[in-house]
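Below, chain A partners chain B and then partners chain C, in two separate complexes.
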Partner chain A sequence: MMEFLRANQPVFDFFLLTLGFAYSQQVVLRAGVFSLASAAFSCLGAYGCAYLVVKAGLPVAAGVGLGTLIGGLASYLVSLPLARLRGVYQAIATLALVELMVALALYAEPITGGAVGFNNIPKHVGTTELLIAVLVVIYLLHAQSISRIGRGFDALRQDEYVAASLGVSSRREHTLAFISSGLIGGLFGALQSMYAYNVEPNQYGFGYMVTTLAAIVLGGRRSLLGPILGSAIMILLPEVARPLAEYRQIVVGVILMIVVVLTPQGLADTFLAWLQHRRARALAPMATQPPGGRA
Partner chain B sequence: MTVLELREVKRHFGGVKAVDGVSLKVASGQVTGLIGPNGSGKSTLVNLIAGVLAVGDGDITLDGKSLIKLTADEVARCGVARTFQNIRLLPEASVLDNVVIGFYRHERSPLYASLLGLPSSRRETRELREQGRALLARFGLAEYEQVPAGGLAYGYQRRVEMARAVASAPQVLLLDEPVAGMNDVEARSLGQIFAQLAREGMAVLVIEHNTRFVAELCSQVHVLDGGRLIAHGSPQEVMRDPAVVAAYLGG
Partner chain C sequence: MLTQQILNGLISGAIYALFALGFNLIFGVQKVLNLAHGAIFMSGAFIAYYGVIGGLPLGLALLIAMVSCGCVSVLLDRFGFQLLRKYSHADAEFGAMVISIGAGQVLTSLAQKASDTKVLSFPFGTFPVEFFRGLGLRISLLQITIALLVVVLVALLAYFLQRTSFGRQVRAVAINPRASALLGINSRSVFSITFFIAGAMAAIAGVMIALSFNSIQFMMGEPYMLKAFVVVVLGGLGNLAGAVVASLLLGIAQAMAAAYLPPGMADILIFATLFVVLIFKPNGLFGGGLAPAGVGRQ
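Entry: the complex of A and B
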């Protein structure tokens, strides 16, 4: 295992970064918010951290911390108008924000380096730092999910009327979801800038959104295991399929389609639902029959 | 003692006077009935009280405090719980989780404790799950706690929805057609639970089609027709009222 990891360390690092982005995307979806703005928050975190460390001479830890906070602050500001929207309208509005951020990164050349990118960043972050960040985020998301906030998220996602009838404030919870997404997105954007020597605007555009969304759809929208499985598939599958050369894209695409069709809930969520079903059957074999056992 | 009071409440949709000047009182410690034929405005009235629809004119007060400017979640936090005419559960969540979310408005963990997963927040979650189990037992659902709520049979789903509303320990419980589609035995067993809740001090407002169920359960009954109250009193008085008979039989 360790041998394999060492040989494929860049792939593993890329998996960890993708996983972080996927969690930033998942936390809003879990609360019933259809925001695609994670890419924009990561973009801000990445450029913010790179600028603060390279140009302003801040320590790396401070740069990463502030990059995270920039993502969080931006997400709070974005939530003020956009948390009121729902469904596809929210998706389109946040998509526009991502495009806007890419355009800004292209035009603000003195700060961002424009289309050439922000280059010559010393490498300060490696596998260890990425792994620690992922574990901390998983712990915090787990704590959130089993708390009052997570219960509010779950209720809002499944039925907003029911949530309101129980006193769950959609404005408050959706704002919290946005901020969580912004902090996580900003953190991994900042880490990426300290990891990859350079930052380019197109890293935080359409490709980012497709990869993170695909990771969640493949893995699962609810459990924390979902993005782990989904990101692993999204990163590893193209690597494993490398010998197929020019057929690679087709084979990868077909496999993804088959997985989505067979497990629309995502691999991890389908598996966990199956476990829960087994536990429920053991407790109450007649559960899904009407009272009195009539068919 | 009057807990919930409606004074001259109106709500019109364009030219349709869905609720047109309704005044009524709901007292704690008893089950109050609201009956009326289809389209008489019963469900609109529930949605007005719950804050889902905005009140056009008039006032709704809970313990003297006006509710009409509040959003649905604020009304719920004031202590008004409801069930829905078409059952609405969280279909993916287990039966137990569906009930635990009912405690939401009483949870006390501060935000930072929830976010950091501090022991106090975890302890509260554990305690709520225990209380949830106790409530499930009361509604005869103990063995189904792990079943996803969406997979339960209809009668059980009704009970889960009821248990969830009761979990929020409301001052006022609004039940929108709670026994629709149930047979007499099932309806009676639910009715006993409502009566028990009222005895414990809750104000229960039952909106129903089933006049027999209302007659057995309620001490006070209001009759709605065409958005206006046409009668109120004890079930016996109301059923004898010529206006009520005309409204139900289309006289």
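Entry: the complex of A and C
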């Protein structure tokens, strides 16, 4: 196992980063918020961290921490107006936010380096740091999902009116979802800037969105297993399908379409639901049998 | 100088209108954000290009591009969006977006393969280069053709939607597909027709843009997709007249920004405007958006 990981370390690192971004995207979708703004939060986190570490000379840990906070703060500010919108309006507004970030990063050349990007960042982050960050995020998200907040998210996603009538505050929960997304997005943006030697505006544009959405579609919007499975498929697909490498984008597009049509809840979530269903069916006859009935 | 900028802005705004109208029509009827619309627009330019290279006259190549883009659009609806109707509202909304992203990616990758990632351009003289001057303005034959074509197409679309029986069916389905099905309207054919119209209009817009900038490139759809968002939000999602006005406004604003502001500033201003409008007037500047923008789902 360790040998395999060492041999494929760059792929594994890339997987961990994609997974982090996918969690940032998943946590909002889970709460029924149609936000695609993770890319914008990651963009802020990445540039913020790179600037603080390289230009202001802060220690790396402080830079990553502040990058995370920048993402979180931005997501809170954005959530004030955006948590009021719903559905496609939210999607368009957040898409606009992502494009606005890319345009700003291109424009603010003295700070961000413009189209060339922010270069010459020393490499401070390796597989270990990424793995720790992913595990911490998974733990926190797990804790969130089994708490009242997580149940509130699930209720809001399924039916907002019912959730509201049961005492779930959509305003509060949606704001929380935005902030969680911003913190995770900012954290992994910051880590990526410290990992990859440079930051470019177009890293946080349309491509980022397609990859994270694809990971969640393949995995699922509810379970924490979903993004792991989805990111793994997205990362491994081009490695496994070497002969198809040239047609990789086409294959990814077609797979996305097929999976969404067949299992709109994602592979992992559908599988988990099926398992649960089967277990419930296996238990049901035993529960209804009278004690000491048929042998 | 100023009037010249306004004129140029109006012409590019007219092309945005062609593009955004199709996008908005699909949203109005089907409540679906078709993120593949930009890729279909790009395919239109590509098909027309290969037609012209293959020796066809421009008009015929344009016609072929229109029909094939219309068909691609209809296929996307039949084997994509329609299959999602059986799922819950939230799943379908999310699924539709992902399907259109996937379809867009397939089309762009195919175009990238076909063009070898190069920027293509129509052979010189595909469209006669002629300029007319008057009143201190300068306008090309191409610009005049574009303006006339857009006016005719928009008028035809308005006539079709407002005055014909089929247009009434389209509007009925847009308001309530279930009730119109009970009244005997075949909503499937309504969807197919609207997708065909949207695809064909995107193809025309693609060819017009390719001719005016004389460049065709596999990523050309993306910026127009984003402009369509701006247009439909300013004009109101599903509001077709609003979309035309908003397109013209956007065209003028862009021409002005390009002339008087530092480069790169125009995009920032446009997306910031979009953001602010969505917050304060989510149903568009003219009201009449079809989808509920505020709190609560359907």
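Keep this in mind: the second predicted complex is superposed on the first by the 264 of 295 C-alpha atoms of A that agree within 3 Å, B and C clash if a C-alpha of one lies under 4 Å from a C-alpha of the other, contacts with A are read in each partner's own complex, and residues count from 1 in each chain.
As a convention for this text, contacts are C-beta pairs under 8 Å (C-beta built on N, C-alpha and C of every residue); 3 or more make two chains touch, one makes a residue touch a chain.
Owing to the predicted nature of the structure, the values given are computational and were not obtained by experimental measurement.
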| item | value |
| --- | --- |
| Chain B versus chain C as contact partner of A:170, first or second or both or neither | both |
| Chain B versus chain C as contact partner of A:104, first or second or both or neither | second |
| Touching partner for A:154 - first (chain B), second (chain C), both, neither | first |
| Partner chain in contact with A:120 - chain B first, chain C second, else both or neither | neither |
| First (chain B), second (chain C), both or neither touched by A:252 | second |
| Of chain C and chain B, partner touching more chain A residues | C |
| Partner chain in contact with A:273 - chain B first, chain C second, else both or neither | first |
| First, second, both or neither for A:9, with chain B first and chain C second | neither |
| Partner chain(s) touched by A:29 [first = chain B, second = chain C, both, neither] | second |
| Footprint overlap on chain A, where chain B in one structure and chain C in the other make contact | 158-159, 161, 170 |
| Residue ranges of chain B in contact with chain A within the complex | 50, 52, 71-74, 76-77, 81-82, 84, 88-94, 97, 100-102, 104-105, 107, 109, 111, 113-117, 121-122, 124-125, 143-148, 151-156, 164, 168, 186 |
| Residue ranges of chain C touching chain A (in the complex, touch as defined) | 27, 31, 33, 79-80, 83-84, 87, 90-95, 97-99, 101-106, 108-110, 112-113, 222, 226, 229-230, 232-233, 237, 264-265, 267-268, 271-272, 274-275, 278-279, 282, 291-297 |
| Parts of chain A lying in touch with chain B, wherever the complex brings them together | 139-140, 142-144, 146-149, 151-152, 154-155, 158-159, 161-170, 222, 273, 276-277, 279-280, 283-284, 287-291 |
| Footprint of chain C on chain A - complex, ascending | 29, 32, 34, 81-82, 84-89, 91-93, 95-97, 99-100, 103-104, 106-107, 157-161, 170, 206, 210, 213-214, 217, 221, 246-247, 249-250, 252-257, 260-261, 264-265 |
